[in-house]
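In the two assemblies presented below, chain A is common to both, partnered first by chain B and then by chain C.
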Partner chain A sequence: MGLPGRGLAGGLATTFRTMTRRSITQQYPDVSPDLPPRTRGVIALLEENCTVCMLCARECPDWCIYIDSHKETLPATTEGGRERTRNVLDRFAIDFSLCMYCGICIEACPFDALFWSPEFEYAELDIRELVHERDRLALWMDTVPPPPPLDPGAEEAKEIAAARKAVAAPAPTGDRHGEGAAR
Partner chain B sequence: MSVLDLLLRLVLLLACFLVLPLVVGQIEHKAMAHMQSRLGPMYAGGFHGWAQLVADGVKFAQKEDVLPAAADPWVFRLAPALALLPYLVVLALIPVGAGQAVVSADVGIFLVLAVMGIGIIGTVMAGWASANKFSVLGALRAAAQLLSYELPLVLAAASVAMAAGTLSLPGIVEAWRPWWLLWQLPGALIFLVAGLAELSRSPFDMPVAESEIIFGAYTEYAGLRFALFLLAEYAGIVVLGALTTVLFLGGWKWPFLVGGLGWLWTLVKTLAVAFLVIWLRVSLPRLREDQLQRLAWAWLVPLALVQLMITGVVRVMG
Partner chain C sequence: MTQELTVGVGAGELATADMVLNIGPQHPSTHGVLRLRIVLDGERIRHAEPIVGYMHRGAEKLFEVRDYRQIIVLANRHDWLSAFANELGVVLAVERMTGIQAPERAVWARTLLAELNRVLNHLMFLGSYPLELGAITPVFYAFREREVLQAVMEEISGGRMHYMFNRVGGLKEDLPAGWLGRTAEAVAVVRRRMADLEGLLVGNEIFRARTAGVGVLSAELVHGYGVSGPIARASGVDFDLRRDEPYLAYAELFAPGGPGRVVTRSAGDALARFECLLEQVHVSLDLADACVDRIAALPRGPINVRLPKVLKAPEGATYAWTENPLGINGYYLVSRGEKTPWRLKLRSASFNNVQVLAEILPGNLVADMVSILGSMFFVVGDVDK
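Now for the complex of A and B:
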């Protein structure tokens, strides 16, 4: 407890100081907002990577990913070889009226086919039009930013660490100590 | 004073009465926005939203004129006018420069304070005629507030009148000396605080406390009538600013640039007080009803009496 009225004066000082500073408003439709990296705007699909494993659709808590596919048989590449089957994607759609942007599908995808894009201007007049098909999801791939650099001192991604190890010790010698030294 | 001269003055007065509240309103929009790190209106009129209040006025004019079924139609319709007109009368009595008042009265200060108190009747009428319990509560709160704060207001004004030895507003400005700023400082603060309370401005806006009684006496109003009440609020700020200027800040007097430009100083000082009023609104939380009454009776009235005593002693000694 200081002088009486100190709190009042403090409040007045705060508002006045705020007034002399630049306001933080972003004039959105005129000026595009500067969004933080990893903004969860919309989910983009990199079709080439998708193997139709259905993990994303199964993990989605809202069941709002719709995937249709069929199997295709590829003829054998060598004489007398075995025929191979592969999945072909027929439909990939996400219903953004149900999606809660939890990002579980993106985490679950083992083939890096789903990405967060910061794009957010896809409002529709009818809620049913928020189901976006694969062509629209693929278009959004162009807006996916490169991954932000790691924080200083952060642990390297596992894949990169493994690749580095492979380069440093090319021939598997079975010598565990050598491997340790290469690190 | 010829008829033409009087007519010119009246037109000028009306123009001031319609424009100045809008200017204050716009300053409030912008200052409040920036104090909250926002931009405020930016589109209407092109340059930083200068025409926002004009646009608001057009919007209000287009709205439906709603009359509650149980309302007392005549009183309901008359209330906004009664809330607004007293301020027009007060503004007419304000001397903006040496000998430049629309009307001059020998007992100006008396008249001004008396007329200012009439505005509250508009609010009480509005509250009663709306046939709404929140409106009645708001109106009674406003009336109770006026009753408590009228006393310190009048005492503070009386102190200046005593110092100047006259009841006329131009006379007070003539007698005013810069050192009065210090001598009459408590009186000026009391006058401003009590004036804020009379206008039901934050932090004394209990009568329109939206979390408790919606919008007090104005709850049932819409469209143009509501706009008139809003205009009355801002006209009240202008009048309070002008009165504070005339009584405590030396009116048109200034160390330089006096000449014929005295009215400019009156305007600048009035707007400065208006800014202070806005600043207080942005910064301070609303007082509770009991705190509000306590402030008036336990602090302002005794302080005003002390101020009156100081004034008297200095007058007798000097």
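Now for the complex of A and C:
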């Protein structure tokens, strides 16, 4: 064991060494933390992309997404054409007091209407205030960062691969945009 | 046995009777809400009974009404210090049932993240255990190191605790550019700074006096109670699933000449358990380094497989067990071909590790109780599920 108290002295030496170094404390409210783009802070809604397909609300493990909508009939655009109905979003709200921040809704959304934002400063004194309605969710869109570039060993991002394919083989004529929605 | 008496205010005259003492459910050393019912004879513990269930959330029942992606959300929460390792058990079970093979890149990335998660978990206990014994300083060092690793975990997964990064067939997303370099850097920083933590504790006379020879757990008790993980290995039970029934890339890492080795001790006391944890951190850091090198050398490829729109496990059953930071974590998955499991039994390490307290606490002094309790390294959520 050696000299009695050697272990204690060794510990004090560590403390002393650390004392001479710069502190690693972050001065949080004064200096905001530098968060990576993938941080799951709050969910933002891009309303224009939402088609009220309800996939996010259904896939949510604790059902904290509330969606109300109604159907609207659009008159035919051409003479003798068919009337079209479309879904109109009335309410889109996420209850962040229930949310488990798993991101399944964002993964499930086929139309890229939901995004993660690293913002986290939305604590409330009243728990009911944690239900963010569509206007508040839309405001978070400004804080959504672009996704980080991927590792060189990674497979090409879906979007880039699709774009490359489109350039290589031009799409056949005709409107193909409706297909995704019909599926 | 002798008569028992619950002592309250004004019952002081029966000084010779045994006293029933409740430790917890609210007690700083119980990491949450574990309750111990202890019968005391003076300062000596005659009888101890862990009473669990205060944090029971019915995880297994909830699994039955969730699809396999939603289960990952719940499964990473019972043991909040080893979220990644918990997710892993679920996805491995489902992958085995469905016959989905995760790409090589995902296998190595998972191994790397699992080892980083192990270091994070162990650092927590390396900091909190001395804290319970009265040494306040080490926890700050442990958390400084944790922060370094959490930064890289957050960068890849977006979460600091509940990573939610495993998916059936691989990982959610590929690594961000430059992440491997930053991870290697973080691992190097933690390895270098571990000397600080060790300098504070290893050889410290007070720490040794509180832990050496205290709460000796025999190998027979380990087998009898199904104790696993670093606690079992500290009692000389040389069993580690990473080597003995390898999953992910562990077969290669634990092969002769590889960086993996199983840390064991023979004393079985609190000090041995602590030393096991400490050495495992070093092994895990080595494993993480090996994984980083390996991922960097892998050819370009996907990190997950395309899943069918509705993922159903075929009818049947499987048992997937993994070496979690705290011990053996097992998922017994029974499927009737639905998109939700018919039953998903969870075997968590902490539950068994805590039960053995009833055997090793009696005969010890109350003052040693915290020292023994803390050295069992459990997470109450993992006990109560």
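Throughout what follows, the second predicted complex is superposed on the first by the 146 of 183 C-alpha atoms of A that agree within 3 Å, B and C clash if a C-alpha of one lies under 4 Å from a C-alpha of the other, contacts with A are read in each partner's own complex, and residues count from 1 in each chain.
Note that a contact is a pair of C-beta atoms (placed from the backbone, for glycine too) under 8 Å apart; a residue touches a chain by one contact, two chains touch by 3 or more.
Worth saying up front: this structure is predicted, and the values here are computed from it rather than measured.
K.L.:
Mind working out whether A:4 is in touch with chain B, chain C, both or neither, as first, second, both or neither?
P.N.:
So A:4 only meets chain C here.
K.L.:
Is A:145 touching anything from chain B or chain C once the two structures are fitted on A? First, second, both or neither.
P.N.:
The answer is neither, since A:145 touches no partner chain.
K.L.:
Once the two complexes are aligned on chain A, which partner has more residues of chain A within touching range, chain B or chain C?
P.N.:
Ranking chain B and chain C by residues of chain A touched puts C first.
K.L.:
Quick check on the superposed pair: does A:104 touch chain B, chain C, both, or neither? Answer first, second, both or neither.
P.N.:
second
K.L.:
Tell me the contact category for A:27 with respect to chain B and chain C: first, second, both or neither.
P.N.:
In the superposed model, A:27 contacts chain B only, not chain C.
K.L.:
For A:19, decide between first (touching chain B), second (touching chain C), both and neither.
P.N.:
The first partner, chain B, only.
K.L.:
Across the two complexes, what residues of chain A are contacted by chain B and by chain C?
P.N.:
Common interface on chain A, chain B vs chain C: 8, 11, 14-15, 18, 24.
K.L.:
Give every residue of chain A touching chain B within the complex, in rising order.
P.N.:
8, 11-12, 14-16, 18-19, 21, 23-25, 27
K.L.:
Given the complex with chain A, which residues does chain C contribute to the contact?
P.N.:
It comes out as residues 66, 69-70, 72-74, 77, 105, 137, 141, 144, 147, 151, 154-159, 162, 164, 172-180, 196, 199-208, 295-296, 298-303.
K.L.:
In their shared complex, at which residues does chain A touch chain C?
P.N.:
Counting only chain A, the residues touching chain C are 4-8, 10-11, 13-15, 17-18, 24, 35-36, 38-40, 59, 61, 100-104, 107, 116, 148-155.
K.L.:
Using the touch definition from the top, list the residues of chain B that touch chain A in their complex.
P.N.:
Listed in rising order, the residues of chain B that touch chain A are 31, 33-39, 42, 279-280, 282-284.
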